[in-house]
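Listed after this line are the structures, all set down as structure tokens.
Shared chain: subunit A. Partners: subunit B in the first complex, subunit C in the second.
== the complex of A and B ==
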């Protein structure tokens, strides 16, 4: 999958095996993912375009991806409506955010 | 709920947003904060050391460029866990020592191995007797070494980038307390200390950095000598120096480049350019110097931008300015035979431009160039001055010879006048040409620099005013052009011509002297109707007015006014005669110019020579009648005025009848001067064959002797206009000569114009006339000075001596430069006449007496 370095999409995989395919630019909002995919570093993730996130569950990762898209969509806008986040997910999301440097 | 399909972006985003609401609804039902599942804690078997072992081997893999087998996520997660175990600091220290070991054991070895003995030898100044082959060898070795260093650096940079990325979480947590520099900074410092600052060989004093520095400088030296070097390689090495800092704080100013390399570079450059400057001076060619210098400037510019660091450019520029230019420019400018003087003479605009650019780099005022340019202008100007003075002197001596041999005089004089006037005009033309030349240089080479402009102007002013006759010459130039020069020229050309003259007028300090001459010359032009175009005259006046001011042209304008008034007056007088005069009497047409005596330069007309009071000319009866009739007419109109007749400037048309001995009668119309008219009318009363002596003529007419001689010369000596016969026949007129009417006069034309010998043309004054003009000038200036003093004192009431002097000088400087002694004398005289007083209680202060 050498061509996936230039590919516009990347695959994020949760610890429980869910795969999310989202635009690279959206995923790179996360500092961790951005570094993971940095083509100059030649880590396996950068080569394959597939990031397995061992400590994030599918539910949380879905919310994270939703946030990525949400952020991408409203990048340059002001007064954007808040994203709805269920209270139950708060803590897990916070930990994921810390981990992903988002 | 999550999609596993590999769909297009569209599908995914839709899927995500669709799920959004669904998931929300599903989740909201629980209303309970779910505790995060403790994934980290779920693997309690992983202790710190296990994790570290995995991580450290991975980091080594990164250094050996095997990163593609590693999962970033795994490494990151390991580091993350270690930090979460509260062992971040341990991790930090371990990474640090891992890096240190790596650099010391691998990189340092690699780099020092690449240093060939020749590079170390070259470090020793004594062995720097670089022969060509040695320099080639050193160069090859140097390039290899630099390449290794560069490689080591870029590897280090890349690996550290990756490692920092992996350890990002650690950096975030440990760097948060600000006590430790980030791992990247630490690794950079490690590289600096363990690679660059490592000894070349164990136990050697010489460090890799020193070799590195001297090698780069050697490369630059090679390039300066014209070799082609590997610029990108050096540039990359410079990036390394820029990426490394002296301290962990990483301030902008403490990069290794700025702290160590740049000073070394600048000091070698300084030595190099010092030597080069001396060498170029020895060659002694200014053009070469300038070419090389500007080439060096652009080379260094290029070097800074493509090989070193752009930041260095102003600094190396300053070195160039100081060593190559500032210390040498003056000598270069003054170089005999090739310097600025030579360039100016050869009109080498490019060379001058380079000199200008170089000089302006080091000196805002460009004083070296400026002084040389001014010097050359003054030199050239003085040459023009001397040649214009030399020219009239030659004929002047010829005139002296002619004086002893009086026969020659008339002819000699005729000749002597023209070269003098011509040389005056040549003087002006030469200066204008010089001015054009320098204006061109100024514009093309000196980028219209204000300072230089001023100094060029000053230089012109200087030498023009050194010629005491400049005012006269300039006025003659205008005279000549307004009489003949502008014929057949377009308006624009005339305009340009006058403008040129005006430019020179700007330089002349004694504007009052110019005014005097201009008025004198103008008077002749107007009265003798020599002016080619009245429009041009008026244009000239308006130009002078703009340049010098209203006051200056007032009197000249008054002269023009008199001319117009006189025209009307003559017309109305003719009307008056037509109405009242006797119809049977043949009327004589009279054109009178009534001139206001204060406005016109009377000395041009009434020649009170040698202090003698000249009796008015005795007019013949017919003319006397006419004169009285006009006087009556005029005084009726303007009572209380006094008319004095100036026959010297007039002219007359007469019809003369010549009785040939064969009985034929020939008629000619003669255009003669008023004096000639008076003389010729005398012969109406003289029977044929009889004659009048010079003395008789003088007695009957009272024409001043000087004018009489000249007029008789025209009538009796000039070959084409011999109306009178002279006895004896010679070229000079002596008091004993006898004159009789020449009935055999012949001419090809019906109308004959008889000019007065050497009278009508404006020419350069001779010494006597000059003295007279100067004397008059001084009187006039005295008046102006007094007027200025009184004006100032009236306003101030009380003023110190110095203050008064200054004010007088400023007030008058527009017209002339007053002599300080003269001002003092005038103050004395005003005190004597009780306009001013010395204040007793305040020394050197004057008071105004109302």
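== the complex of A and C ==
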């Protein structure tokens, strides 16, 4: 992947090997991922467009990606309802959200 | 009451003839008639008693027989029923509820209601529309595809096909309450909330099911504690989630549901505590403080709201034993203990104290203020005491401590005068936060003088709410303005505008239109101003509000209670405007007419 032209999509990989390919703009809602992918950082993630998130499971990462898309979809609206989150997932998701700075 | 059945009976006789010619059993007619008369009598009685109550209509068509020659009569009866129903309150109510929907038509609605009325009432027997089985009608019986009722078995199977009506489109009136509530919380952000915040809310909702937080980071725990406190959900059981032996701080903003033993539990399970921040701690008693002293705990920040059962004697012991460790002390709402003498012990022993906040303490007065002036280490001082005090002790505090102070908040010192402002100007060089609120002695001239050529750098926080003259007989105020008025306001904005983040000039009603025009002129910019309260500054109108939006690009909250000249404004993105009444608000190009 040429680093001069950034791909429109990035790949997020969970610790158990699930891959999620989502638009770069959506993934960059997360401060952590944004900094990982920042081309000036010269991190390997920035060069490859592939972030391996070692501490997030596939189930949680799926929900995180869902949130990224949800956020992207509603970014210009006022009074957006909160996204549905299953109660059993919310503590894990909370930790992930804290780590990802979203 | 007696005339009504008689009228009915004359109608009945004509009908009886008609039906008889159609070979319909007279016995049945008689039975039906009997029931109808009884119903009508009951109805009339009810009508008299309680006009509001929805009454049971008599059954108009006891034996529905499609395609029989009685159709005409049936139709007429139905028409009558429809006319009657249109006059009822229930009809008006339903109609109001449905306005705006596609099937918004009087006749459709009335027809529906007639059908409903004709259905067997709960308790009666009916044949199921699908399987034909006889069953007892209940209020929960479902309607089948062609309008009849279904038995329990069939309703269950039918549910799948019976699609839920699509969620109703909200009219502007509904949801307004939630919107206003969010506004008051300052949430005017567009787009979804952060995932973190959403999760925290969700966890708070399901707090009773949570067994363990795992290793949540302290800032998240803090936020959770705030949300739970706001929902009043902190009890002995939820408290356990916050008790972590290795943590050094605990913040519980609502301890109203905790008992004395719970405080014991906090101190016993968290031996490393350095920061104890508990609010509404009613059942906190001497023995909790004793325990703190016995264990020689290393408390540096002690923030307690209303520990009223702790006696003066134990307060003094606490300061003697643990005073030298304290870095910050914040106390609110004490009325039965904590007197001037305790303050003296505090001042003598708390040799490292940097922050002191005493709010609504009943038993301290001038003497305590004099004592506070000896605490040379103080950098942040916030006082609001209930007794009336003289200006001199405060002047003494400023003389002694002024040069060291980073923040100063003095509320409800009614007798403080311009000498205080002169001292602030003379002594303070490091202030970032200044609150002088609720006073009617300070003059505009002195306030302006404070800010003109003051060698203190720009403030980030300024609060002068309710510093104004109050005289019913002279609403315009004295010729020499008292309180924060035009000149003082302009001087304040000139001095601190560049760094100011929070400004509160609520009720400073002598600030003129011209002063606002000057402070928020075309080329003025207040790049950091986020929060602004101009409630009851009656001069602010639509034009000035737009000027404020233009000059404050970072603004997130503008409080405008009682600014009745704000009628029609365009609110930029991300700004919460709180307190408009009946104004036309245009947010992001979308006009919202406010309902009053």
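The criterion applied here is as follows: the second predicted complex is superposed on the first by the 99 of 102 C-alpha atoms of A that agree within 3 Å, B and C clash if a C-alpha of one lies under 4 Å from a C-alpha of the other, contacts with A are read in each partner's own complex, and residues count from 1 in each chain.
In the analysis below, contacts are C-beta pairs under 8 Å (C-beta built on N, C-alpha and C of every residue); 3 or more make two chains touch, one makes a residue touch a chain.
These numbers were taken from a predicted model, which means no experiment stands behind them.
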After the superposition on A, what does A:74 contact: first (subunit B), second (subunit C), both or neither?
second
Pick one for A:19: touches subunit B only (first), subunit C only (second), both, or neither.
first
Which superposed partner A:102 touches (first subunit B, second subunit C, both, neither):
second
Tell me which touches more residues of subunit A here: subunit C or subunit B.
B
Quick one: classify A:91 as touching subunit B (first), subunit C (second), both or neither.
both
Looking at the overlay, does A:82 come into contact with subunit B only (first), subunit C only (second), both, or neither?
second
Is A:64 touching the first partner subunit B, the second partner subunit C, both, or neither of them?
second
On subunit A, the residue positions that both subunit B and subunit C contact, one per complex
87, 90-91, 95
Where on subunit A is subunit C touching in the complex?
64, 67, 70-71, 74-80, 82-83, 85, 87, 90-91, 93-95, 97-98, 100, 102
If we count contacts the way the header does, which residues on subunit A are in touch with subunit B in the complex?
8-9, 14-15, 18-23, 31-32, 35-36, 38, 40-47, 51-55, 57-58, 61-62, 65-66, 69, 84, 86-92, 95, 99, 101
So, in the complex, the side of subunit B touching subunit A is made of residues 1-4, 6-7, 9, 12-13, 16-17, 19-20, 23-24, 27-28, 30-37, 39-40, 67-77, 80, 158, 161-162, 165-166, 168-169, 172
Which of the residues in subunit C come into contact with subunit A in the complex?
175, 178-179, 182, 188, 190-196, 198-203, 205-206, 209-210, 213-214, 216-217, 220, 587-588, 590
